[in-house]
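Paired with chain B in one complex and with chain C in the other, chain A is shared by the two complexes that follow.
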Partner chain A sequence: MKEEVRNLTTQLAVIGSGIAGFAASIFAVRRNIAVAQIGNTGAVAYTTGYLDLLGKEDGSPAAVIDPWQALDTLAATQPDHPLAKIPAADIRRSFTEFTAFLGECGIAYGKPQDHNVTALTPAGTLKQTLCVPATMAAGPRAYAEKMPCVIIDFNGLKGFSGRQVAANLQDRWPGLTTERIGFPDMSHGEIYPEVMARALEVPATREKLADLLKKAAGEAQVIGLPAVLGMHRPDHVKAELERLTGLTIFEIPTMPPSVPGIRLREMFEQVLPEKGVTLIPQQKVTALSFDSGAATLCLCDSFGPIRLRAETVILATGRFLSGGLEAGLTGIREPLLDLPVTQPESRAHWYCDRYTDSRGHAIHRAGIEIDSSFRPLMTGGRPYSERLFAAGVILAHQDWIRGRSGAGIAIATAYKAVEAAERFLSSSSSS
Partner chain B sequence: MMQEQTIATEVLIIGGGVTGAGVMRDLSLRGLHTLLVDKRDLCAGASGGNHGLLHSGARYVSNDPHSAGECRQENELLKKLAPQCVEQTGGLFVAVEGDDPGFAEYFPHLCRQVAISCEEIAISEAKRLEPHLSDRIFKVYRVADATIDPFRLALENVAHASAASGSRYLPHTEILGFEIADGEIRAALCRDTRTNSLLRVVAKQYVNAGGAWAMDISRLAGCTDVNLLYSKGTLLVSHDRMTRHVINRLRLPGDGDILVPGGTVSVLGTTSVRTMNLENIRPTVAEIDLNVKEGAAMIPALATARYIRAFSRVRPLLQCNLGDDDREAKRGFALLDHTSQGLANFCTITGGKLTTFRLMAEKTADLVAARLGNNEPCTTTSVPLPDGEACRWTEPGASPKYWYHANNADDMILCECEMVPQSAIDEIVKGAPGAEKEMTLEAIALRSRAGKGPCQGSFCGIRICSYLYDRGYYRDASGLRHMRDFFNERFKGQKTVIWGQQAAQMELAEALHCGLLGLDTLEEE
Partner chain C sequence: MADSTIPTINFKEKAMELLPEGASFEACLTCGLCSSGCPASGIENMDPRKFIRMAMLGMDAELSQTPWVWCCTQCKRCQHVCPMNIDISQLVFLARGNWPQDKKPSGIVRSCQMIRSTDSTSAMGLPPADFVFVVEDVLQEVRETQPAFRHLQAPMDKTGAFFFVNQNSREPMSEPDEMVPLWKIFDLVGADWTYSSKGWAAENFCMFSGDEEAWYEVIRKRVDAVSELGCKVWLNTECGHSYYTMWHGLKRFGLAADFALESLITYYARWIREGKLPVNSRWNTRKIKFTVQDPCMIVRKAYGESIALDMRFVVKSLVGEENFIDMQPNRSANYCCGGGGGFLQAGMTDHRRTYGKRKFDQIAATGAAYVLTPCHNCHSQMEDIGHFYGGSYGVVHFWTLICLSLGILGENERTYLGPDLLALID
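What follows is the complex of A and B.
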């Protein structure tokens, strides 16, 4: 049987399905740009749900309390950093627009404020982040006010220990205690956050859990749980459990892939096609070329090969984990277009000796170069194509891990890349 | 200064490599009480940093026939008496185009001279046995090489010694100096490197089994007759097991010419560089690349294999044994009784190799027992090494078997790569040699397969840490520092082999450890 090549056309093709790719599609849809998005959506499931902008000072262990002020410092000390190239007002707008969209689609988020939120981690450490999901918001509040609080964990749920959280916060939060309970109807063997979350979509499970939670809470009015409060309607599940127990409840992220990440992925996959995005998930673009009229992307889905003609392209393919960059014995390359990658001189310079060195590793600052319109550059400084833009952590001169800036870079650069693509589209249609 | 504690024993053994552990067992079986100390932990030096190869002896027939003969004899003994530590893989010697055909022809003759069995096999047969072998091989011999797990070997030796005579093992206990009077050592002053508390050990005999550190230790006792040079070797561990047999290059020893299977992985090495430095020995990118290039001549798939780890260790070479290349140096061992240095109750055992550890221990124990007037003969040539419950977790592929057999759904798997369950952690914390109340994750990993798989502990480190909090072994922020230290320690072995899929693995690990958990910002104690 011969497979017919299907020809599709779009104004914008987004390659990549991490936070940057989804943010780009969302910003484009809201600007009435026709979008097709292609890529493996795995990486979103690795997010914790926290949306960081800048959480740690560069090269030091110091936490950033005011990320907007830290952006000013960044602009002065690291002018090549992608966030240093974006006006703070645009960054704030990008977060506001992105989180508002998530809220409209059923996952409510706090708006970006003037200061970071001090959020909880499953290890009992604290983390500075800009926006937290509504299901997690009461945790930082309870911590800030040192309210009596019980962290609940579950028999059979490994990698999340209430004792660990309490042991590490006890000196700063004396009212924090912990209780272990069995999850309703899953009293034996290993249990998984994803399964628990789906079970809590069912009212009967919530009622059983609520009884257990009330007993475990004792005198406390606030309880923290691993992030398992439903998959598709987390805000509803949380509200229902709070109604049934009369307690304030918050979630703490678990080890990835965690429920808050899977929630985002499933929501994007469901909502974006409804909003008109041609979403081709779990597929890889095998070839990308440009001619004077458009870009051509080759890929396959389960129905066969697709040839997609796009007026503009946003490359948001991520780093090593997502395949946007490849680290080989002799160097780092960008596999789709073989774009030049700014990188350390040799493999011997990729990593510091100490893994947790707070200065971070040079390999993470490798990436592709862009101009002020977020167009990838070739050696010599010319844009690869006037139709090609890039967003997310594939960009050079940032260390999103040490900077606690992954979501910030993804969302803000996607915003700027879409803005630039929109400018190109309107100038080419008017000419 | 903290109050020092005093412990009395008959024999203090310094150095928890396989030799020290072997001496401990041998003496204990003769009814003597011993104390073994190591400044780090079991197999922290060359014992834990080698191929894990139980030599047939064929490797040494060209330059050190005496050692070759000792290897043959020990190989046969260990296969019989410590089968739980040995995998009888068999070994192949392969000559690749460009290697000296004269040497390849002469090789069986050299083997015969020391009674080492060596059988030529057809190229087609070799390819059938090992499909990854290069098409450019022209001569293949089969020998009796096997693999041995040095960690389990050391653990079982210590466990047997404890059972036989109540002997003890103390990890992270460093020798600071000796009290000497009237031609005898009266006591050894030690420091617990974790707590800084001092310990005075009063023994009748003192054995220095410090391996590469033996010269430093002997000098603390004023002895100047231990003269060592240091050779740094770097090896790397592949994600998959590449061959069933041990594969040796049929030529004079060179870089990257031995590939040894180890359960589910293979170990390739080694390079050899003279060094003056004993601490903070790390692999370099150049050494990795050289091993991969040379190894690929025998097994081309090594050029594109996924590697999960590299490690370097220093082996001590006796100055009297040296040749032009450190790998050609004679690999015999030396037992020095230090009477020429005016000491009657101190000896040093060093040099040698993993395969001959038992023989080294026997010779040392003979001297020590005679000095104590103990006439019991050595029994390690006939008494099997018992299979200790808490020592069995280092064997690759064994934990899934135990776990499946026990069929307890509540016993959750903490290390998912190597399938190490909670019960293994419990057993180790309770009863493994060197177990203590607050064990580091490194100490647990040394006694199990935890952290040895493709994720190199980045996920199970978190799960095991949580579990130790759950069980009340960790009670404050020091547990997180143990977790961070474990990741830092594992990283030393990962740093030079992060490319391909490992780069993706590392990015995820770092995002989790630093980005989410903030282990890069932990406060020090």
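What follows is the complex of A and C.
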């Protein structure tokens, strides 16, 4: 039996299926650019659902309340930071466009505001974030107003404890209590948020749960649940449960594997092909090369080899977990094109001695260099190819975990990379 | 016979041997996406993550003996959602093969023995002569009772035919009239096809029993049968694992085959696009809602997105775009129904239904009245869990709905239609 190579062509190939990759596909689709997206499952499923822009400044112990003002500081103190290279108006536009798209596709989000939102974490601590899913929005409001509220958790559910949330918040939120209930028809053993969320897509399960929630809420009018309010239609599931119980309900993210991330991934995988994107999920590009006419990507899906010719490419392959960067004995590499990686002088300089060192670790700022058009640079400062752009946390000079800026970097740089790719496509088609 | 014991496998060593570097057990982040997304999680107190952790801890005796390996359908969804792309199903296959024959679920073992007992390769043991008789007998009846099809053909052992068509044994054995819609479709599109008296059957439970030698032998017999007739395409009809066992088997065993393997779904889509199958949805005046079940064996594990999209194109053409509701998740991310991997034959009914609850919820969430699926195991399992959990949906073959849409569905060919669909015919 002969295995035939399947040949595909596209205007833009997006490599990577994290937030940056999906954001790039979304921005491109909305600009009528033909897109093919390839990428391993990625770490999208690990997100809390909160979309951070900038939650923490280097050297300051306090959380960032006004991220737009903090961006000005960033531009002054870290001019090489990817977010420092993007006008604030573009960052705002990128968030507005991205969240509007999510909303149109069934996962409503709050619009980016002038200030961060104080949101709840799975551990019952607080964090600053820019955009919150509609299913979680009532949590920050209830906290701000210190309303009587019951956090409800479930027998057999690991990774979320109402007692922990309440214990950590009690000093600041005296009206917060907790109750534990059994999830309908899942009476024994370990249960997963994903399974609960899917079960809540079924009306009969919602009705059974609503009865239990009403009892557990007691006198409170607001209840917080782990993020399990449906997988495919969360806003509908939340609205239905609120209608059935007469309560205001909000979700709190859980530890991975958590529902908000799986929700986003499944929505992207569902919606993007419907909008014309050639999505090749769960595969990695094995070779990428450029000639004068186009880029060629080689990959294999379970059925066999695929060869993709693309006029432009956005590299959004992430960092070490997703394989965008590789750490070896002699240093850090970018494995697909062997792009130069800005990195500490030697392995000895990767980490500080103390894990919790407030300065952070140098390895986290390693990454690839780009020019103002988001084109990866060779040693010497020339672009690798006029057809190649990069987005997301593969970029150097940022430490997204410490900065609470993962989604911000992903969304805003994807916006700029698509903008640059679009400029290239229109100039090459008019020439 | 004295009870045999299950030998102990060194799973960690085998994982290093079988799985590629970077996607082996040492790459596991223990994040649990596999277990969270696996309908077999919790059954026999096991799940995919636990399986890997126990292997890493050297708990080989426990893993070698856990009956969970017969509840995992090897659907590969765990690998699909794993950021590190770790293939746990390979280890489950290894564990299954390691069980002595007398300890394995007897239903699976027996089905494999039946397949090897005749040249038909039929899991129900239907010999070639009986298959030829049933086909001729049913054909005769159709010609006599359905005037529009008095010249209908069901060629047998026709040398040089383009399509070598396989058939799940359930049809000739238990519901022979279900073969007729397929013959009518071939007739309508003018397909050059044939059945073969040898190697015609679709099933291959030998793979599910973990018996590589038997799996190979069955594939070999089928390849020889196709080659003997000189057909260009081995056309897999509405059965999931038959495609995978053949397609994957050819690669796994390095077998040369001078013909292509294709799925009937691909051809349904092609014939509709070419206008050869002029189906439409005008018959669906009551706007009856349909969903579709992606069989793991042809979607996630083989063709991927292309066949899933073809399947949706066919369904939408048949029932109307507005009457199609996709299950969530779907396509390559779809859940196994729990009928695969030999689970239906393994005699572990409670476990199988626990597994199937996820599928039941998925179907219930669509609110669809019918599920279409091109797979017999999916078909049987979804019917069973529907009854068990009190669902009100029906399960139908593609060929039934195609002929219904074309107005050529004979009276004996309506077994799977509910009153709502029957009312639209009369």
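What we mean here is this: the second predicted complex is superposed on the first by the 428 of 431 C-alpha atoms of A that agree within 3 Å, B and C clash if a C-alpha of one lies under 4 Å from a C-alpha of the other, contacts with A are read in each partner's own complex, and residues count from 1 in each chain.
Convention: contacts are C-beta pairs under 8 Å (C-beta built on N, C-alpha and C of every residue); 3 or more make two chains touch, one makes a residue touch a chain.
As the structure is a prediction and not an experimental result, all values here were calculated from the model.
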| item | value |
| --- | --- |
| Superposed partners chain B and chain C on chain A - clash or fit | fit |
| First, second, both or neither for A:R404, with chain B first and chain C second | first |
| First (chain B), second (chain C), both or neither touched by A:G189 | both |
| Touching partner for A:R319 - first (chain B), second (chain C), both, neither | first |
| Touched partner set for A:A167, first chain B, second chain C, both or neither | first |
| Comparison of chain B and chain C by chain A residues contacted | B |
| Which of chain B and chain C A:A89 touches, first, second, both or neither | neither |
| Touched partner set for A:A76, first chain B, second chain C, both or neither | neither |
| Which superposed partner A:T356 touches (first chain B, second chain C, both, neither) | first |
| First (chain B), second (chain C), both or neither touched by A:P256 | both |
| From chain A, separation angle of chain B and chain C (C-alpha centres, steps of 10 degrees) | 90 |
| Shortest CA-CA distance between chain B and chain C [superposed frame, angstrom] | 5 |
| Residues of chain A at both interfaces, chain B in one complex, chain C in the other | 46, 189-190, 256, 321 |
| For the chain A and chain B complex, residues of the former touching the latter | 46, 48, 52, 56, 61-63, 121-127, 156, 158-161, 163-164, 167-168, 170, 188-190, 253, 255-256, 319-321, 323, 326-329, 346-348, 350-351, 353-358, 361, 363-364, 400-402, 404, 406 |
| Chain B - residues contacting chain A, complex | 282, 284-286, 289, 292, 409-410, 412-414, 459, 462-463, 465-467, 469-470, 472, 474-477, 479-480, 483-484, 487-488, 490-492, 495-496, 498-500, 503-504, 506-508, 510-522 |
| Chain C - residues contacting chain A, complex | 29, 31-33, 35-37, 41-42, 45, 47, 80-83, 85, 250-251, 256-257, 259-261, 300-306, 309, 326, 328-333, 357-358, 361-362, 364-365 |
| Residue ranges of chain A in contact with chain C within the complex | 1, 40-43, 45-46, 185, 189-195, 198-199, 201-202, 204-205, 231-232, 256-257, 262, 266, 269-270, 273, 279-282, 301-303, 321-322 |
